[in-house]
Every structure is written in C-alpha cells, then in structure tokens.
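Here come two complexes built around subunit A, the first alongside subunit B, the second alongside subunit C.
Up next is the complex of A and B:
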C-alpha cells in the first residue's frame, strides 16, 4: 500500500514533465526517429515495419529511463533531500524502486505515443500475430526497464559528471540489446554481454510475437529471471550504500 | 593575450579538461553513434547503404560537435552569471562570439580526423591522399556555413529559458533534411529543393562524391560554391538575430535569469 501511495505521489508530484529535455525525449524524439524510419522504408518498402516501430518506441523509453532513473538517486543529493530520505521510515530501496517504476511507466507511455504517432501521422499499420504474447512481452520489457533503471540509479551515483557518461551509454545498450541487430549476428565476444542486459530477452520475445515466428517462452522467462536478479543485486548494493553513507556521510563522488 | 583568451575560454566552456576524457568522448561516443545508425540502416535499407550512412553520420557528428560547442558559449555565460558583463562590455557580443569560435572549430576538425580513423578501422572506409584537399575544403565550407546557425541558436539562449529544445530540434532536422541517413531523392520534390538550401546538405553531398566516387575538385566545386553562398546568408542572418536578441534581452531583463 505504501509502495502504491509512493508511486502515485511520485507520478503526480515529482515527475518533472516540465523539464524541456524530458519533453524532447517523450514527445519529439519519437517523431525524429519515425521520420528517419519512414524515409528509410522508402528505399526498401518490402521490409516488415512492425518491429521497427516498436524499436523507435523502445529508443525513447530507454533514453527517458537512462536520464530519469539514472539521476534518481544523485538528484536527491543535489537537491539536499538525500539525508531526509535516509532518515525516513521508508527504505532507500523502496524509494528508488518507486522512482524506477514511475519512470518505466512513462517509458511505456513513450512506446504507446510512438505507436500513436506511427498510425496517425505516418499512416503505418501495426500488426501482431499474437496480441496476448505481444502484451505479455511488453509487460516483461517494462519489468526489465524497471530493474535496469534501478541499476542505473546506483551506477550513475558513482560518476561525477553523470550526464556526460549517460550520453555515452545511450547507444551501446540499444546496439547490444538486439534492437536492430539480432544478437546472433553480433560478434561472438559481445553475445554474452547482450544476454546480461535484461531488455535483450524481452525485445527478442516482443519481436517474435509480432512477426509470428515460433514463439519461445524461454525468452519471456529469461527476461523475468534476469530482471529479478538485478532487483536482488540492487537491493544488496543499496543496503550497502545506505550503510556507507551513514558511516562516512559520503556517497559516490561526494 | 589572444592565447590566454582561448585557454580561458576552453577551460571555462569545456568539460573535457584532459586528453583521456577528451578521447573517451571523441572516440567512443561517435563510434557508438555510427554503429547504431549503421545497424539501423543495414537491417532496414540493406548492406549497400552501409558506407553511405557511416559517411553521413561522420559528418553529422562533426556538425553535432560544432553546433553544441557554439550553443554552450552564451548558455554557460548565462548559467555562471557572466552574460551581463559580456553584453555590457564595450566589445560587441558578436565579436566575443567570433573570438570564441576558434576552439569549437578546432574541436570539430579533430572530431572529423578521429572519426575518419575510427571508420577506417571499423568500416574500412578509406580516405586516399588525393581526396584530402577537396575534403578539407568541403569541411571548412560546412563549418563556415554552420557557424551562423550555431550563433543563431546560441543567441536564442539569451532570450529563452532553455535553449536545448532549439538545439535538439535543429540537430534532429539536420538528420532528416540533410541526407544523413537516407538519400535526398526519397524526400518529396518540394522538400528536396528546400533541403538543398539548408547548410550542410551540399557539403555532405560533395563529401560523399569525394569518398564514394573519388570525385575530383571540378566535380565538387558547385557544392562548395553553394555551401559558401548559404553560409554567407546564414552569417548575415546571425548578425541580425544576435543584435535583435541582445536588444530584446536587455528590454526583457532576462540576462540574469536561467
């Protein structure tokens, strides 16, 4: 119940949608990528479009999560509220989790908005061979993004110039998660890294459900398991950070 | 004195203060960008467009570096509270901006050199010795024509609270209308004509001619002339815009606020 209240409160009070950069990511970035996609398809109209429309949505969702969840912890430090959070009854893990869930829901909104743009502005028709499996894959994708958002919140708190390193992280994750290049086509050395990224599993599962090739629940389950592993990992890490902060009065670079 | 000005300008405006950080952000960041768009183009348009996309994005990253570097000039002045002093000083704002242009230009050229080496090793895109002169000329022309646009965007930051929206929008439009990720021929006729009047488009067409078809100087001269003409127009517009925005910002009293 507390988690739900926190989530609602975070969505209403602390999601800064007036931030011009977030506005750009949510509303404009999908338009730019969809336009590029639209004209690329004029070169090769025979290609299946459905998965690429979702890919554009995932690009925006990932960008938002990278910047919003990535600064979830450190922004509290910048704002001088970190000490208050540590002193409150609610655990730091639960607060970071709430922020990450909230950001991932906005990520989902991003994907929905992209689909809407694709249909209304560009006249693309989106087909899925199995709606239930596509929705299930999308839910697992959001679950993956929540776990990844939590890892990012912890990781980014360790960098001094966090925004610049976030810029550096945008594309590698998208390349390795099989958004455009299937993981099997990546050089062998990168394939294990790909499967460590929770998004990879749900993206593969989503694409399979859209195209209609033989669907394997292995990827859906893999996405859930890897994401859950990250939840446990961040729980341990955040508990340690909390302890270090209480002892040293320092976190990350501060 | 001038050297001091450039050093101070670099230290004040650049976050890449050492070689290690500089190389990280000038090698890795562009490389990830090329790999991403190359993979996108490879699977959507086909392998025959791979070099086309990579060349387009190498030049786009150059443009990206230049525009961002010019835009942060006045933005950082505003953030750190030095904008009123610069605008109130006897030296005109435009003269201050022109003096500061040297570092973004050097950074842009370095970005191109580093990217050329990167794409040579990763995508096997070679730049032959005889291509160097026309390429250099085309790159200088692109930089010249884009400085005006950079100054305009930077000037908007004086009046508007957040200039990032203009910055991202203009970079997005460059990606769409300048033929970075797809051939200009797929644009509708009217838009294609407009696209050819935007800074960077003709320069990029010329660069592709040189690298892909080993075109000689005579072939690329029309692109250079056209790019210079567009550059002159944008420069004149930028002078007018900066003067107007300077007056407007004084009237509105927005110099102190971010």
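Up next is the complex of A and C:
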C-alpha cells in the first residue's frame, strides 16, 4: 500500500510537466515526427503507417525515460536529498523502481497521446491484426522500459556530465532496438547488442501483432525474461553501489 | 540513565587523491564516547576534525573501517534498518529540499519513505513546532535559508525518532532565526529526544549541550559538561583594558601576560586583551599594567567555552 502511495506521490508531485524540455518531448516531439510520417505517406502510400505511428510514440516515450529516469538519482545528488533518502527506511532499489515505473507510465501516456494526435490531427486510422497481442506487447514494452529506466538511473548516477552521455544514447538505442529497421537487417556485429536491449523484443512483438504476420510468443516471452534479468541485475548493482557509497563516503558527492 | 549511543574505538580513513597519487587520510583515530538518553550532546571541532564523519557513521550513511558503534543497543552494521527507523538527521545548509514541493508535501513524502501514515493535522503540528504553519502550502523554492533549516527540523521529527543528529543546524542563519532554531532544539530535549549536535558556535553549544566532546584531528581532546571543560582552563582570567599612552614593547615583556592582543580604537585609544594567572587579584593586575599605560577602563571576564576550545585545538 505504501509502495502504491509512493508511486502515486511520484507521479503527481515529481513529474515535472513544467519543465520545458519535457513539455517538448511529451507534447511537441510527436507532432514533428507525425508530420514527417504524413509526408512519407504522401510519397509512398504503401508504407505500414500503424507501425510507424507506434514508432513515433516509442521515440517520445524512450526520450522521456532516458532523460527522466537517467537523471532520477543524479538529481537527488545535485539537490542534496540523496543522503536523506538513503538514510530513510525505504531501500534505494524501491525508490529507483518507483521513479522508473512512474516515468514509464508517462512514457505510456506519450504513446497514447501520439495515437490520439495521429487519429485526431492527422486523420490516420490505426489497425491491428490482434488487439490483445498488441496490448500485451505494449505492456511488455512498458515493463522493458521500467527495467531499462532503472539501469539508466543507476548508471547515470556515476557520471557528472550525465547529459552528454544521454544525448549520445537517444538514437543509437532506437536504431539498435529495431524501431526503424528490423534487427535482422542490421549489420551482424550489432545484432547481438540489439537483443541485449530489452525493448528490442517487445518492439518486434508489437510490430508483428500490428502487421499480422505469424505471431511468435518467443519475442513476448523474451522481452519479459530479459527485462526481468535487468531487474535482478539492477538489484545487485544497487546493493553493490550503495555499499560502495557507504564505504567511501561518496554519498551526496558529485 | 542508560547509554543510548556507545562508540568504541571508532576508526575511519579515506583515500584521497593528491597530485594524482592516492593517499590515506585518517579521519577518526579510534574515538570513544557514550551518550545518555535525553541528553543534548555536542560535537565540537575545527573543519576536517572528524565531526561529520562521526555523524555519518552514527546515522548509518558511512561504514567505519574499524570499531564498534551501538545505537539503541543495536550494532550499526548488523541492524541498520532498525536504527534508521528510530533515528533521523539533518545535515547543515539549505540543500536537501525539493523546491517544487510545499512543506506539507515534503513531510508527506518523507513519511512515505519512513513507511508511516501521518494525518495532515499531525504534519501541521510539526510545522507549527518550527513556525512554518503559515507557509504549509507554499512551494519551498522561495524559502529563505532559515525557513529551509526549520523545515529540515520538522522532517527530522517525522518518524518520531529517539535520537536526532543535527549537523550545524544554525550555519549561515541570522541571529534571530538562529535563536528560534536553538529554542526548537531545546524543546526536543524536553521531549526526551537525544540530540547530537555539531556546531561552530561555542555560545550555542554552551547554552544547549548537557555534555560536549571537543574533537580535533580525529581525536577527542576532552569530553564533559561545558562547566567541566571551562574549569579545566580556569588557571587564567581574561582581561580587557581600554588605555592610552601604551608602551607596546614594555607590555609584551611581562612574563605573566599571555595571548596579548592590541587594537586601536576611537580617539587613538588602545584596547588590549590578555590572559593573566587566576592567582593574581585585579588590583595586582591593574598595578602591573599601569606601568605601561594609563588605564581608562578595565574589564575582567571568566573563561568561556570558546577560550577553552581555542586552547584545546590551537
């Protein structure tokens, strides 16, 4: 119950929708990409519009998660609250999890907003060959984004110039996860990296459910498994990092 | 009264980088002390003496290299969860506040982190205690340093702690706000909450603390009540003399006069401050000084905590 209240509190009070950058990502960025999509469709009416509408939503969701979850812990260090939350009765893992769930829910809102824009402003009609599988894939995608958000929160807390790294990560991650080009069409050297990214699996699963090609539960399950692996990995990493902070007096130091 | 904090042989060292080379710096050289329930215990010392390191270890934020520390009869390394539930702390300065939250939201957030459900009226009581009830629903972004410090004190009480650690709670505050914060701290001790206080303000420590430990270069130099600490340095009395026609060379040659300081004040007069052995009467001192100047005014004062502190850490 407390965990839910903590999540709700984070969602209501710590989601900074007054931040111009986040306003841009959530409300404006989908419009830009949907406009590009609109003209792409004019040039080539044969493209699968459903897939790319979701891709636009995922770009915004990923951008938000990358910046919001990526700065979740480092901003606590910057503000001098990191020591206070570490000294409290809630584990750092739970705090990071709450923040990451909260940011991924905003990511889901991004995707929903993109679909709304696509239908209302651009008049696109969205079809899915199997609604249940598409929703299931979307849920797994959110699950993947939560796990990835946690990894980002922890990793980015180790760097002072976190924004530089985040800027470098936005598009390579999207390309590697098969959002624009199928992973199988990427150079062989990159394909193993793609499958280490948890959202690669759920994106493939989502696209398959939209296009209507033979759906394989392998990707859906793969997404769940690899995301769960990231949760375990983050738990171990947070325990280690907390121990290092407590041993070296690096808490609150940046 | 039982000891609520027991520190035994506490040792800690850091690795620091000096010109690219890693060096070890000893922060605490095996310190020992105990704190009784309901006591206001002061940790005094110069910057880098080891005060904050001690506080961080006691609040479970830092794992010591060596030594034993028990709080509420629990070992800090074995039962950090239990200890965190029963203590709270504030680290000096205005950081540690979420600017977008109001004080009531800030307290609510920490009540969630401490896994306790507190009704709004209870939160308001905490804000009343620190005089922030009128600002309960204002964003803290516009708060002054003093308001932020007071909000920290309210936060510290959110989990009904048995021990609170206040690291320089009045740092950078104006005298009026500092006095208000001191009043709040003295109210805490009346509620039988054990307070561990670090400060650079000696008068504050003298007024608030039941006992004090003076720490320097990782070692405790003295521990005891403020009266005891002052009494250990009562072999001298402190004089302040306003005079004219001062023979500066001559006065410096007097063997009994120690720590002499001379300052020019209005009208070309001189103000001299010095220590003189307690065995001499004021008349004897006056006679001695009169050889080197014309005394206009002479004041004598007892040893303060600051005098004792300076002697100990100089």
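Brief remarks on what is shown
Convention: the second predicted complex is superposed on the first by the 251 of 254 C-alpha atoms of A that agree within 3 Å, B and C clash if a C-alpha of one lies under 4 Å from a C-alpha of the other, contacts with A are read in each partner's own complex, and residues count from 1 in each chain.
Methods note: a residue touches a chain if its C-beta (ideal position, glycine included) is under 8 Å from a C-beta of that chain, and two chains touch if they have at least 3 such contacts.
Small disclaimer: the values here were computed from a predicted structure and weren't measured.
After superposition onto subunit A, the modelled positions of subunit B and subunit C are compatible, with room for both.
Of the two partner chains placed by superposition, only subunit C is touched by A:79; subunit B is not.
Shared-chain residue A:164: touches subunit B; no touch with subunit C. When both complexes are overlaid on chain A, the residue A:20 reaches subunit B alone and has no touch with subunit C. Contact with subunit C, but none with subunit B, is seen for A:247 once the two complexes are overlaid on the shared chain. Of the two partner chains placed around the shared chain by superposition, subunit B is the only one that A:40 touches, whereas subunit C remains out of contact.
When the shared chain is aligned, subunit B comes close enough to touch A:28, but subunit C does not. In the superposed three-chain arrangement, the CA centre of subunit A forms the vertex of an angle with the CA centres of subunit B and subunit C, and that angle is 90 degrees when rounded to a multiple of 10.
Once chain A of one complex is fitted onto chain A of the other, the partner contacts of A:87 are limited to subunit C, with no touch recorded for subunit B. When both complexes are overlaid on chain A, the residue A:174 reaches subunit B alone and has no touch with subunit C.
Between subunit B and subunit C, the shortest distance over C-alpha atoms in the superposed arrangement works out to 13 Å. Overlap of the subunit B and subunit C interfaces on subunit A comprises no residues. Those residues of subunit A that touch subunit B in the complex are listed here as 20-21, 23-24, 28-29, 32, 35-37, 39-44, 47, 52, 161, 164, 167-168, 170-172, 174-175, 180-181.
Interface residues of subunit B facing subunit A in the complex, by the touch rule stated above, are 15, 24-25, 28-29, 32-33, 35-36, 39-46, 49, 162, 164-165, 168-169, 172, 175-176, 181-183, 186-187.
Considering their complex, residues 2, 5-6, 9, 13-14, 16, 18, 79-81, 83-90, 95, 243, 246-249, 251-252 of subunit A touch subunit C. Considering their complex, residues 14-15, 53, 56, 59-63, 81, 84-85, 88-89, 91, 93, 95-101, 105, 108-110, 112-115, 155, 159 of subunit C touch subunit A.
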